Amino acid sequence: MTHHVTAMLDSYPKDLGGVDKQKLAACIQSCFECAQTCTACADACLGEDMVADLVKCIRTNLDCADICATTGSILSRRTGYDANITRSVLDACRATCKACADECGQHAGMHEHCRVCAEACRKCEKACQDLLSALG
Amino acid sequence: MTHHVTAMLDSYPKDLGGVDKQKLAACIQSCFECAQTCTACADACLGEDMVADLVKCIRTNLDCADICATTGSILSRRTGYDANITRSVLDACRATCKACADECGQHAGMHEHCRVCAEACRKCEKACQDLLSALG
Amino acid sequence: MTHHVTAMLDSYPKDLGGVDKQKLAACIQSCFECAQTCTACADACLGEDMVADLVKCIRTNLDCADICATTGSILSRRTGYDANITRSVLDACRATCKACADECGQHAGMHEHCRVCAEACRKCEKACQDLLSALG
Amino acid sequence: MTHHVTAMLDSYPKDLGGVDKQKLAACIQSCFECAQTCTACADACLGEDMVADLVKCIRTNLDCADICATTGSILSRRTGYDANITRSVLDACRATCKACADECGQHAGMHEHCRVCAEACRKCEKACQDLLSALG
């Protein structure tokens, strides 16, 4: 599932600096998946007849898509690594994924797209947390 | 591989309007994969001792990452579909993926990350072309 | 207004290759302004009681924000210039700005944010067209 | 300078919830300016003959451009406001702008683009800090 992410980490020309490569790959993959899923969930909410009840969900989806794409990109870069940037962005991504999982989770019984999206957010929140813990 | 993309298309609340769902899912997935791969390839090039020989490659990677992320997001939206926007963005994405595949292809023998990246760009170029053809 | 954009073009270390610097700076600036304005307009539409009547407007705003941000970034890069990429992305940006200006224009009488946004989209559409013409 | 940002905040249909509108507008504007400037600085560094000495600068510029664009977009949204998301993203943006200002500042004597970019990063770092303080 994380084939291309792993292939790129494996071909990085310098040392990866002792990072847990499996947790890094899982986090990058989760961020890109969550960005796509949140973008699609915002749009699916927009397609619902009851869109007026879903405006907070749409907004949180848009925020989550943005920070996940940014976090996935920053984690994909290994040259000139900066632990402070990595930690603060992972922390923002984790907080936003948690907020989005909570919000989508409230509509998961009624809207399948919110159920799938809450799952993707929860997975990404955990992947950010796992990587943060591994960074020490 | 395209599990979450397909799950979101399947849970879209309205009709998808006769689009070829498999080609659409493949194109969305290829766009996000290519965005990640190009971001990582730009960084791997930056990590090479011979970075001075790779500046055009880095620049094209950055452009390709940007347009792929945008195209993947636009394709993920189905509400208020506009064929003109879809076609022109797919066309720009296809052209940029071709340019990036050609550029990375020139370094594929020397740098494994460029080989993997050229492959991702070629796959995304083809997915854009296939979707454009299916749109009629 | 385009002070920082111009300052960066002026400090570019190599020749800018005969591009019309004023039109380039105006287009970069318009793209970033339009990205911000469309992001804010999507959100303002989401804040309207009649959000259900504005779903196509929100969707087009999101597409327009994405392609404008990408185009503004690609135009900001001058190293390893590729005319094909530039033209195809400018063309997609122009088409999307036109679609968004038309859509927002329909709500401009009722919603001030749509009036301001239609203006930003029209300005960006023209800046893309002007730069495309200057590129020959 | 922040004309279009302010025009959009002024036309937001609901109450802005007691936020300091001037500090909010200044921060949104600084984020988008910094995103453009960092994108251009990464490219100008790539255009330098001594690019090999600037790889950490390029990488930090790319990170800073990403988080600034994301923060500017999230701040532009007012519907369904979430203080936790706002604070954590502002914090990541501030940390990254500081890191980028420090890195570009080291090359400011030699490269005018790094001088201009360090200034934009410092301005954005301060705007994020000011808004964080105002949020309480």
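Labels for the chains are A, B, C and D, by order of writing; each one numbers its residues from 1.
Simple rule for what comes next: contacts are C-beta pairs under 8 Å (C-beta built on N, C-alpha and C of every residue); 3 or more make two chains touch, one makes a residue touch a chain.
Which chain is which protein? Per UniProt: A, B, C, D = Four-helix bundle copper-binding protein.
None of the values given here were measured: they were computed from a predicted structure.
Two chain pairs, B-C and C-D, are weighed by contacting C-beta pairs, with C-D ahead.
With centres set at the average Cα position, the gap from chain A to chain C is 27 Å. Centre-to-centre, using mean CA coordinates, chain C is 19 Å away from chain D. Under the contact definition stated at the top, the residues of chain D that touch 2 or more other chains are 43, 46-47, 49, 55, 58-59, 62, 69, 73, 77, 79-80.
Chain contacts here are complete: no pair of chains fails to touch.
Within the complex formed with chain B, the chain A residues making contact are 1, 4-5, 7-14, 28, 32-33, 35-37, 39-41, 43-44, 46-49, 65, 69, 72-73, 76-80, 111-113, 115-117, 120.
By the touch criterion stated above, chain C contacts chain B in their complex at residues 55-60, 62-63, 66-67, 69-70, 73-74, 77, 79-80, 82, 84-85, 88-89, 91-92, 95-96, 99. Within the complex formed with chain B, the chain D residues making contact are 42-43, 46-47, 49, 51-52, 55, 58-59, 62.
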